[in-house]
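Below you'll find a set of structures to go through.
One chain, chain A, appears in both complexes that follow, with chain B as partner in the first and chain C in the second.
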Partner chain A sequence: MVQLNNGITLFFSLLVEAIPFLLLGVLFSSLLLLFVDEQRLLTLIPKNVVLAALMGGLIGFLFPVCECGNIPVARRLLLKGAPTALAIGFLLAAPTVNPIVFWATWIAFRDQPEIVFLRVGFTLVIAVLVALIFSVQTDSRPLLQDHLSRLMPAPVQPGEKPPGSGFQTADLLRSGTFLVQSPGQVVSLDAALVQTWASSSRSLRMRLGLMLDNMVLEVRELGAVLIVGSAIAALVQVIVPREVVLSLGQGPITSILAMMTLAWVVSICSTVDAFFALSFASMFTSGSLLAFLVFGPMVDLKNISLLLTVFKSRTIIYLFALVAQLTFLLTLAMNLYGN
Partner chain B sequence: MASPFWRRAVGIRPTPTQPLDCLVWLVMAVLLVLLALLMLVGDHARVRVRDFTWQGRQVGVEDRAFVITFSRPMDTASVETNLTITPPLPGKISWAGRRLAYTLQQPIPYGQTFRVNLLQARDRFAPNKTGKGSRFQPFQAEFSSRKRAFLYIGVEGEEANRLVLADPAQRQRLILTPKNLRVLAFKAYPLGDRVLFSAGDSSQDQGALNQQLYRVTTGIQPRPPVDLDLRGKPFWQPGRPQPISGKLELVLDNRQYQNLKFDLSADGQVIVVQRVNRSNPADFGAWVVPAQAAPYRLNTQPGGDFLIAPDSQSLVLLQGTGTAIIDLARNTGSVAAKPLDFLPEYGQVLDITPDGTAAAMVNFNQNDPEKQFQQSLVLVTNQGQKTQLLQVRGGILGAHFDPMGPLLYVVISELETRPAQGTLDTAAYVQRPLLLTVNLKTLAQTRLLRLPPQPDVHMSLSPDGRFMLLNVSDQGDGLKSADPSAGSGSSIWTLDLRRDTTTDQVLATDPQPYPFKGLRATWLP
Partner chain C sequence: MVINSYPFPGRASAWPWQSLLDALMLLLWAAVLLRFSLTGQLYLLIHPDYAGLVYLALVILLGLGLGRLNQLRRSWRGGQPRPRSQDHNPLLPRQLTTSLLLAVAVFGLIYSPRPFNSQTAFQRGITDVLGQTRSRPQRFSVSTNPADRTIVDWVHTLHVYPEPDAYTNQPVKVTGFVTIMPGWPEHQFMISRFVLTCCAADAYPVGLAVDLPAGTAAPKADSWLQVTGQMTTVILDGKRQVAIGSARLTAIPEPRTPYAY
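After this line comes the complex of A and B, so read on.
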């Protein structure tokens, strides 16, 4: 009975903590969908993959979302045709590299400022490296769930003009299924219907209405998934208590593993995790605290279900494995060589 | 070809190999090798002290603890065994994570330099518990306590009516205020770098009625661990200016209101002044002068003598025949707020403990005909407990809580009958002051020093509780006034308050005179 109570408390605390940020992410996603012209967005993205990955990592300063809110935005970026490097860079870095999280970490670790700056630095390095690895995949559709890859535009080959860059009538020259409404008005049935309608509509009122509809749609879709993810995270925490995770070890190496496992299990939001980590500052090295602060926002148990709405499971395993190894490597180097 | 079992287990459908697959496996293999190499190389991190809050600082009695922060969680026993302070400063060690807090058991003695050494220690993850091959970076640091110095109002020659700073160790003096100001009262700021004083124009007869409040710098450069004056200031604003002595600044003029008496809060942020409107004497009361805001009238009933409590947030004000405790922050509106507390029996507050838990108060026994002309010294705690410490026929002139132990220094005046001298003279009463201590635990009284007959004695206990200054009239005739405005001379004596550590008792010593004269000699904080 006590365990059931604990489980319910944990479940609701995770949900209450995550839902506002999911709403914020959905809001940004809808704004991107209806108010940002995809062609303009694509022209702003650097051609160089390193710069694109770095830009993805730094977009968090414009969209301050935690790890629950970044998934809808990353999904929208991919659907808008943004390069994989940018979307992955954003997905991994945005929950940490944003002003709210920076401020919260500063408040918690003011007397250890290196934790604050290394958290941002390590996150950016890992996000950019993983994004670069994923950028070898020019066609991101095989990485995504089938229902999303169907909505994605085909990748642009070198020397080829991006779709929509020519005359409007050129739409009919592309492959796919189209609905011809009246002369000059062609609706692609491959794209999201809302997006297509929005792009043809000029009325702000209509756009706002569509934005609200899209928000409701995304919240219903992702909110349900978040509830399942939170329930799983709460269940795991009841079955495997935090003390068991912490008892994995407190040495320079084992403490990193313990804190990474703890970060994965507790699934705490990146905006408040610094205060949670602060309570372990007396027992653990700076490296293991950083492992918690860097790994947790990128990978957590609650978000697997959300990520599964976007990526195939193979992609998620790759993401988790690379992020885990890189976090372990950087924080271990800090533990073994840092002063 | 059938997909491998693990792919089926995690729900991965067979898909053609993508360019990403090969690269990810390759990178993961490389990272695994790097991790293995890193682990094989072993732990080379140096363990060190990251921060020591008193490093190179000059501390005072208000600083009760320093904090040492380590770069890693430490083996606490190894640190506690090896930490040394020279000369010794008794204290207690407590831990909060990687931080060690050392709380002094007694106020730090002034005028000394201390060295902190931690030459070896182990972190919690150290493989070698014997301490051999230690990777701890030895730590050494120094800090000092503030120098002893006192202020007085000069009475002789160039110093007459001017504020003077004295260095008792070097026996040197420095005049802080200009000739044209006649200093009446003063109070030093908490770090001793500035002094607030009231002064009138020395060319006018009614200087005491025309006093204005000024601030003057002493030239002392404070280096406190925490500077209250700089707290909250943005980093681009200049810090403390270079110390110059004698830099004068007018704090409160007397154009519309006469200034009568003032007090400065313990944190140096609030001044309370008793003022009266020049054109409307009914407009009389206490004003608050905050450090960063305009002065305002404290909305409460007018009162008499007052002092600001050690918390710097409340005022202890004599109202009617009792003492009211007034919140300085809440009494700013148009409607007078009720006092926080009112103690109807006590007509004077002589001193309050620095932590605000107890006060030494005087009961004039006006409601008890049997005790007429007797004064009682009572210890009143913030829990409402009242303990009578003394009852004297005469007056209680002053009291100071001892920062070193459970003692209260008290100066009382006992009435003595002087026999008639000659045929035309008649017998007279003279007040003979006496310095004594009262042990607050046992209530035992110890007489320390009898002083020549005089109506008033000014006593100042050094912040560390190790020395006392006494202003004693040198006229020989105790009936002569010691009022500074009367211009009479006054000797400054110092007492070395050596004590028996087993009984907490101060050993009586002979007072030593300073070779210069002055009034209201008071130690800098």
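After this line comes the complex of A and C, so read on.
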């Protein structure tokens, strides 16, 4: 009974600490979705492929979207002719390298600031490396699902003005949301990607309405995942004997593998995953906590269905394998040489 | 997700159950946070520094819920048709996510969180506290008067300079809850506190051994006490350790904020 009470208290503690960050993340991503003209981004892409990858990784700092929001954005980037390096860099880094996630991680781990900074550092290193590997393939079409690659323009060199930059739309960060204004005119999702509409014609009230819709939708989906994640964290604390968790969590290799598996399964949103990791902080090695924080936002179960809307399954397997290996190596180095 | 203005006027009057449930769910969650804040149970869950964030979340939830209701009201009055959203490629079925959020919100309105107790302290490894805390306590001031030190201050001081004899006969006055340690003699127990840096998830226990004078009844586990006495050195678990000797116990009510920070 005491155990149950502790578990439930822990569960609510995680929820109450995480909900503000979830809401802030949702608020920001919805604001940007509708009020920011991000089209200019594509005109600023550097020529150098490393810089393009790095820029992709850092765009998240301007546009805080968590991992559910960033896949549709990466898809639109690719469709608009952005270089593969930029899109992959964005895909992998944006959920972690952004102010809200940084703040949440700081609050959870202010006792161990190295975790906060290494989380950002490792994420950028992995994102840029993987982006560079993928950018060897200059034409990104073979990586993508057939129905998308058919819609793709020919590859654009970085720095060149991308096609479609004349659009006055704010659809780049729109989390897969599409608007049909006139009744009866239904536009399919992928057709909408290459279709234009004037965002300026949308009234403020309409924008606010759409923003509210998007926020409620994201709160519902991410909130439910947060509840499941918090329940798992609480259950592990309460049910699994301390000795078992400790023996798993103290090994430099087993702890990393365990936390990476957990990251993959739990699929908790990146704005709040720091609190989840925190509940394991006293029992797991710092490297394994980092592995959770770096790997989780890049790769998890709920991402797969979203990623499959963009990439061919073989691309996703390569992507996952590369990210997993790099995360493992970097965090193992931290476990072995960090202290 | 596809959002489109509802194109079929004839069907637009269908009662928008999902929007209603959304509004209910958001307002219930605002109510849960309000309840935790008003009852002070919030401090059992998170560090007081972050209470402001919870109030902010409360306001956002309230705004979203009321916004949703307002949309409903306007569409019900037959104004501009409300854009209707459909999930594109939802992560989980909408019914599942909504019912999960609603159910946990209702539970949160009923359930009262309990502060962690000695069993949790033991589970989280209070045995290795003396001089071995996981992290540095945030609030540490070298108080010149030993009687002003809290349990956290003592544990930190011991961490810096662990020799038990250095503290002999220093006066001690601390408050905490009782943890009965397995394998310890009957006249010895641990007076303990949980330290919070963020939320209950990272609460870790710290404690000081207490050595009762002969003939004193051992206190009940988890009862809250003020312990006064003088530091002395005892042998516990085969190690020389500092303990509060000739201890006098005063029962106190459980504090509103039972954790140390």
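Operating definition for what follows: the second predicted complex is superposed on the first by the 202 of 339 C-alpha atoms of A that agree within 3 Å, B and C clash if a C-alpha of one lies under 4 Å from a C-alpha of the other, contacts with A are read in each partner's own complex, and residues count from 1 in each chain.
Throughout what follows, contacts are C-beta pairs under 8 Å (C-beta built on N, C-alpha and C of every residue); 3 or more make two chains touch, one makes a residue touch a chain.
All figures in this text were calculated on a predicted structure; none of them were measured in a lab.
Undergrad: Determine, under the contact definition given at the top, whether A:I19 touches first (chain B), second (chain C), both, or neither.
TA: second
Undergrad: Considering only touches as defined above, state whether A:S282 meets chain B (first), chain C (second), both or neither.
TA: both
Undergrad: If you tally the residues of chain A touched by each partner, is the higher count for chain B or for chain C?
TA: Partner with more touched residues of chain A: C.
Undergrad: Let me test your reading of the model: by the given contact rule, A:P252 touches which partner, first (chain B), second (chain C), both or neither?
TA: In the superposed model, A:P252 contacts chain B only, not chain C.
Undergrad: Please indicate which partner A:G209 is in contact with in the superposed arrangement: first for chain B, second for chain C, both, or neither.
TA: After superposition on chain A, A:G209 lies in contact with chain C alone.
Undergrad: With the two complexes superposed on chain A, say which partner A:Q137 touches: chain B (first), chain C (second), both, or neither.
TA: After superposition on chain A, A:Q137 lies in contact with chain B alone.
Undergrad: Of the two partner chains, chain B (first) and chain C (second), which one does A:V225 touch, if any: first, second, both, or neither?
TA: So A:V225 only meets chain C here.
Undergrad: Who does A:G338 touch here: chain B (first), chain C (second), both, or neither?
TA: Only chain B; A:G338 stays clear of chain C.
Undergrad: Just chain B (first), just chain C (second), both, or neither: which does A:Y318 touch?
TA: A:Y318: touches chain B, not chain C.
Undergrad: Which partner chains sit in contact with A:D111 here, chain B, chain C, both or neither? Use first/second/both/neither.
TA: Touch partners of A:D111: chain B and chain C.
Undergrad: Take the contacts of chain A with chain B and those with chain C, and give the residues found in both.
TA: 111-112, 281-282
Undergrad: Which residues of chain B touch chain A once you look at their complex with the stated criterion?
TA: 10-12, 15-16, 18-20, 23-24, 27-28, 31-32, 34-35, 38-39, 41-46, 48, 50-51, 69, 71-73, 95-98, 124-125
Undergrad: Can you tell me which positions in chain A touch chain B when the two form their complex?
TA: 111-112, 133-134, 136-138, 142-143, 250-253, 281-286, 312-314, 317-318, 321-322, 325-326, 328-329, 332-333, 335-339
Undergrad: Enumerate the contact residues on chain A facing chain C in the complex.
TA: Checking each residue of chain A against chain C gives 2-3, 5-6, 8-10, 12-17, 19-21, 23-24, 27, 68, 107-108, 110-112, 175-186, 189, 206, 209-210, 212-217, 219-221, 223-225, 227-228, 233, 242, 275, 278-279, 281-282, 302, 305-306, 309.
Undergrad: Inside the complex, what are the residues of chain C that reach chain A?
TA: These residues of chain C touch chain A: 1-8, 22, 25-26, 29, 33, 36, 42, 44-46, 50, 53-54, 56-57, 60-61, 64, 67-68, 71, 81-83, 85, 87-92, 94, 96-98, 100-101, 104, 108, 111, 113-117, 119-120, 123-125, 134-136, 197-202, 204.
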